[in-house]
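Here subunit A shows up in two complexes: once beside subunit B, once beside subunit C.
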Partner chain A sequence: MKGFQETASSEKTPFWLDPRKRAILFQLMTFAVVGLLAYYLTSNTLINLKKQSIATGFGFLQKESAFEIGESLIPYSAANTYARALLVGALNTIKVAFIGVVITIILGTIIGVARLSTNWLLSKLAAIYIEVMQDIPILLQLFFWYAIFYETLPSPREAISPGAGIFLSNRGVAFTVPQAHPAHLYMFLALMSGCVIVYLIRRWARKRQERTGKIFPAFRVGIAIIFGLPFLTWLAFGAPLGMNVPKLGGFNFEGGLTVSPEFIALLLGLVLYTAAFVAEVVRAGIQSVSKGQREAAMSIGLRPVPVLNLVILPQALRVIVPPLTSQMLNLTKNSSLAVAIGYPDFVSVANTTINQTGQSIEGVAIIMTVYLFFSLSTSAFMNWYNKRVALVER
Partner chain B sequence: MKKVKWIVGALVWTLLAAGPMAAAGTLDEVRAKGVVVVGVNPGVAGFSMPDEKGVWKGLDVDTAKAVAAAVLGDANKVKYVALTAVQRLPALQSKEVDVLCRNTTITLTRETVNGLNFVHPNYYDGQGFLIHKKMGVKNAKQLRGATVCTLPGTTTEMNAADYFRKNGMPWKPVVIESNAELNKAFFAGRCDALTSDASQLAAVRSVAPNPDDYILLPEIISKEPLAPVVRHGDDQWYDIVNWVVMALIEAEELGITSKNVDEMLKSTDPQIQRFLGVTPGLGKALGLDEKWAFNIVKQVGNYGEVFDRNVGPKTPLKLERGLNDLWTRGGLMYSFPFR
Partner chain C sequence: MKQAVPAGELKPPVTHIGIIGWTKTNLFDGVFNSILTLVTLFFLWKVVPPLFRWAFLDSAWHTTGQACREAAGACWSIISINYRFILFGFYPYEEQWRPLLAMLILFGLLFYSRNREHWKKSLAYAWIIGLFTMGLLMTGGILGLPPVESTQWGGLPLTLLLAVFGLTAAYPLGVMLALGRRSRMTGVKVLCVLYIELIRGVPLISLLFMSSIIFPLFLPEGVTFNKILRAQVAIILFTAAYIAEVIRGGLQGMARGQYEAAESMGLNYYQTMRLVILPQALKIVIPPTVSILISAFKDTSLVVIIALFDLLKTTQSVLSNPEWMGFSREAYVFVAILYFLGCFSMSNYSRRLEKELSKGD
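And then the complex of A and B:
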């Protein structure tokens, strides 16, 4: 009260009555409290760790890991460092998350569209799928797929071969792959440049269509270029046909490409579970476009595919993309359930690291940072995409 | 402004005042709680596993009971916390449990950088391989290229890596966190071999659908002294847990069993009189009741009884005493003098 009288006499607005200054003050206060809390937690933790003589710091990353990892995208052995082991785990997570997201979006879209189909059987099947998959916890689904794999499939010596060069056993699926050849690198480069050329052609075709109204068959030409260029490269290298066929040696298949049961079970579980949610998102998106839009498009003589591509989808995507982003993040985060079925994902490797070094705080900090990075980069990409498909108001 | 300053000041002061608290001794905490919180394995037959009535049974469980008998006078005042291999050390470090009786191997790293103290081992073990009999493998050197199931965060995981690296043999680990899931995967043939401490492998085989389908390879590739663990920095609690394990062994050396312990109170042997607290002193030195050792033997038994009851030849595990026999019979179980 005293303060109020003083400032009132000087005929200035007291700063706590000035909303702008008051806002700054409150923000400063919040900042200070959060800062102090963080300082308190860190220093208290450090003191307690020191009291129990538990090692701290990130020096352990450079030490030899001394444990083996079941599958890896990069060369790795027990003689490598913890840092490399963690990298192997992170790459394994990216592998399952990336493949999972791509398949989930395709499958989810198909089921979502099927759910809206006028075909009674198809739409009911889609509905049953969505309800069942959404309501069973994903961990149980993972156990189920993993058990299916090791309980029903035979040992490698009695492997089932559904097609030439493919072998199914409880050690996974072994595929025949082409023998490594220098041509493969150039074929890959040809594929990449094909993609760029197709992108340019599509741009040119759209511009031309806007200008002259002539339609260029961009899709067919695009397919021809994307597949044709690598094929021509392959021919140019004398069409190497060497195949790397998996052979039974010792305990398991050697050669070829083997996909482990853990990976397949994890991928199946994640995809089938998340696809149910994505299907609902897609359905909601399509239903958000009013019936009149479709009818108007049909009445000007567009065929069903262009109606979907040019009228329905551009409007539906605005509704679909934001919740789809959150489903993609869910899939990535759920991939950490890999620990339960033995797929060496990032969390599994980090857990082992934590246990062998005893530095749980650093380990958990690394896990959180890496997942934060995965999530932020996914949502950054999706936000960019969302901006592109957002309604442009003129 | 003054008011705001005052509020901030008060907040800062509260935070600072709430700084690190002086840790009370574990013994006092246990007495206040009236129960010893013990970290155990969720399920290894013979070591720690709930029976069909949900009562925990096993060698590690009996060690935990011995601690409760010595400290609280009642072997049943134990709260069991089932921990996976990965969870166990953080659980102890973060004071979630008072002591860990969970077939944990003593290693230099765990004693130093992990801030733990191991007491006297309650089981001397070594790592082996359990395999499917129909594979026709006779020794571990034939495991070149094999797929091997193992638990994460164990010394086993590293020993296996060392063994295959030393012998220049390629292999593929399958690392699954839960014992139950791991065993299922092994029985179903996901792995050629399961590696763990030999005692645990015996336990796994005892719960297999058909135990005769599996054999243990002859090689023991490591030393695994398994011991209860406590945190660094509480010497009194360390002493208590250490001497509880010693007391189990000492009782067997002295020939005191749960059946004859009451008569033994009348013994004229000064060693026995000191041990059972007839001659006071040892209990006070540990900060415990003078009847601490008597309570252990009366309620839990001596080490030999504990061994035979849980893992011995008459149990499904059928383990011989071997290294775990008394030193007088060629084993490693050797209690330090109780005086």
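And then the complex of A and C:
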């Protein structure tokens, strides 16, 4: 090959027959086409914007938003700026995505394991669930759950109470929550410090096991610390037991914690839909670990729990994590469908902003940037995790 | 003297064969499993009979909305009375045989294409002619067919149109993006990676917003595209990125030897790809491509948000009619069944194909 090229170049190859030069030329042409297209579109846009006298730029973010948002994690009113409105929307998206991801993983794992169960009935039920949920568009499911809420459930006056201080009505679900008390803050701090302590203990226990071979019951001690510390804090504050029970006042419940029907419908739709996909991922992961692995682990005398923890799970997770990541990202992206049922998520707030200000380009750019940020940061985290659990080959 | 019974004549114990044996191994194998079975049966007993009564026994099948409200069960009348609108939207009533015929052609082509023995060049021509005929039937304007504006298109034909044309156009684009991403030319590669990751990172709805509000700004004055076409472009751009990733998987699955063999025969890049690599790589990725088709079909429902009258939107506009208000469950269940039938047959087919394809290896 080399010799051939040398003889060819000695006869002065024309540049269009030299692969390297041709590649450069081809790339230049590609860039030129893309650049021209971009220039054409931008210039058209600028002319159109000038004609419609729309100002460009992100200055509108500092203006007063003048619209209310149904639910918000931070204080917000119509007098606040658009920037703050968008922040409220982003936090609402994070809220539903985070809660959704946690529940989805749990539910999906249960269904995936049920699918593999030797119990014929359970396995077939799980299979039907997976197939049906995967084959119905998520948007349709969201509409369905939302309709169930506002059509089927009674008004707050005749709310259904399935028990334990929970009230179901077409205005949402009202929960009984503990009365606000300063102890709660300290209990939360105790929980956090408990987690840190457990992490340190586990590290120490692993090191000690490597050095001496002695096993420390890190799991049981960890559970005791994580639950025990907040409990002790609670006792130290005199065990406040006040409950904030939702009461019917006017047309809706007062007190307690009320979750809006939009939020519930969105969460329900996202979780039930994505759990079907997660179940398939989990099933594939568990099936990928060969039977011999379990048998080998048991034959060296490991008990069932260590077999699962030390042999099966680390291998199954390796297969599960990458597709699981993309399912979690799908859930986050699908949460943008909230705009269709009126939950004030990021896209919904941005859409209102676009409609009010006419800053469509900036609005869509903000939506895309924020979702790209969500996606890229999640996949960066998952790549890091994946690298940690990945097989270390020789 | 007693004769030993030959082993072949001994029947296995009753508890190990037949219905009892099957029940024992599959449902009541141990305490935990038995409890699981009983709990599941209890749950089914609680859910299925009332659901059955609601859907079939107490339901109203072909009545007015008023009579429906008095029925205790489901109101299927909302479907049987309004099915023409749900399926065809605002398409002129007398002309609705045209989208129906177009859909029948599509189903016929899909059905014929199921068999892999029919995958020849003639099938490709049949598809091109078929798609062209469908478009002609929908638009009209020739052969004495009155023209129908695309603003009047709606319902199931629109959903199918967005999905089928979306995928047909996205496929070649996806192949090009995948080849670009695997290219040795850094510039091309970077462009393709940027495009694919950007599109895959954002939700489809942001692209649909873009198509409905920003796209008109991109065009020079006086040039306008209709809304359906703009949404179609957004769906194509979106689907292409996902197809590109699937095809990249196929390309990575090709052994190096294939490239080297092609090169040693003196084939250039285009010949290598067209004659050696792509035919094999595309064959590997048929099953995942079908899953992309399924999600593209489901994703077309998102055009509701930019107010195109697809199947879901026509259903919702029936629901906003005061006579039929409040029967969302029945209406959505009907639409869900339609989507389910479409997706289920596709995923079933994909599984069968996967089995067939792996048989040869």
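A few remarks follow.
Basically, the second predicted complex is superposed on the first by the 348 of 394 C-alpha atoms of A that agree within 3 Å, B and C clash if a C-alpha of one lies under 4 Å from a C-alpha of the other, contacts with A are read in each partner's own complex, and residues count from 1 in each chain.
Note that a residue touches a chain if its C-beta (ideal position, glycine included) is under 8 Å from a C-beta of that chain, and two chains touch if they have at least 3 such contacts.
Here the structure is a predicted model, which means the values were calculated and not measured.
Of the two partner chains placed around the shared chain by superposition, subunit B and subunit C are both touched by A:A147.
By the touch criterion defined above, A:N383 reaches neither subunit B nor subunit C. With both structures placed on the common chain, the touch criterion links A:S155 to subunit B but leaves subunit C unconnected. Contact with both subunit B and subunit C is seen for A:I47 once the two complexes are overlaid on the shared chain.
When the shared chain is aligned, subunit B comes close enough to touch A:R171, but subunit C does not.
Contacts of A:V34 after superposition on the shared chain: subunit C is touched, whereas subunit B is not. Once chain A of one complex is fitted onto chain A of the other, the partner contacts of A:V339 extend to both subunit B and subunit C. By the touch criterion stated above, A:E68 is placed in contact with subunit B alone, subunit C being left untouched. In the superposed pair of complexes, A:I354 makes contact with subunit B and with subunit C alike.
Shared contact residues on subunit A (touching subunit B in one structure, subunit C in the other): 44, 47-49, 51, 143, 147, 151, 339-340, 351, 354, 360.
For subunit C in complex with subunit A, the touching residues are 26-27, 29, 33, 36-37, 40-41, 184-188, 191, 198, 200-206, 209-210, 213-214, 216-221, 294, 298-299, 301-302, 304-305, 312, 316, 326, 328-329, 332-333, 335-336, 339-340, 342-344, 347. Listing the residues of subunit A that touch subunit C in their complex gives 23, 26-27, 30-31, 34, 41, 44-45, 47-49, 51, 117-122, 125, 131-132, 134-141, 143-144, 147-148, 151-152, 333-334, 336-337, 339-340, 347, 351, 354, 360-361, 364, 367-368, 371-372, 375-376. The residues of subunit B lying in touch with subunit A in their complex are 1-2, 4, 8, 11-12, 15-16, 18-20, 23, 85-86, 89-90, 93, 109-110, 112-115, 135, 144-147, 152-154, 157-158, 160-162, 164-165, 171-178, 181-182, 184-185, 188-190, 192, 231-233.
Those residues of subunit A lying in contact with subunit B across their complex are 3, 15-16, 25, 29, 32-33, 36-37, 40, 44, 47-49, 51-55, 66-70, 77-79, 143, 146-147, 149-151, 155, 170-171, 249-252, 254, 261-262, 339-342, 344, 348, 351-352, 354-360.
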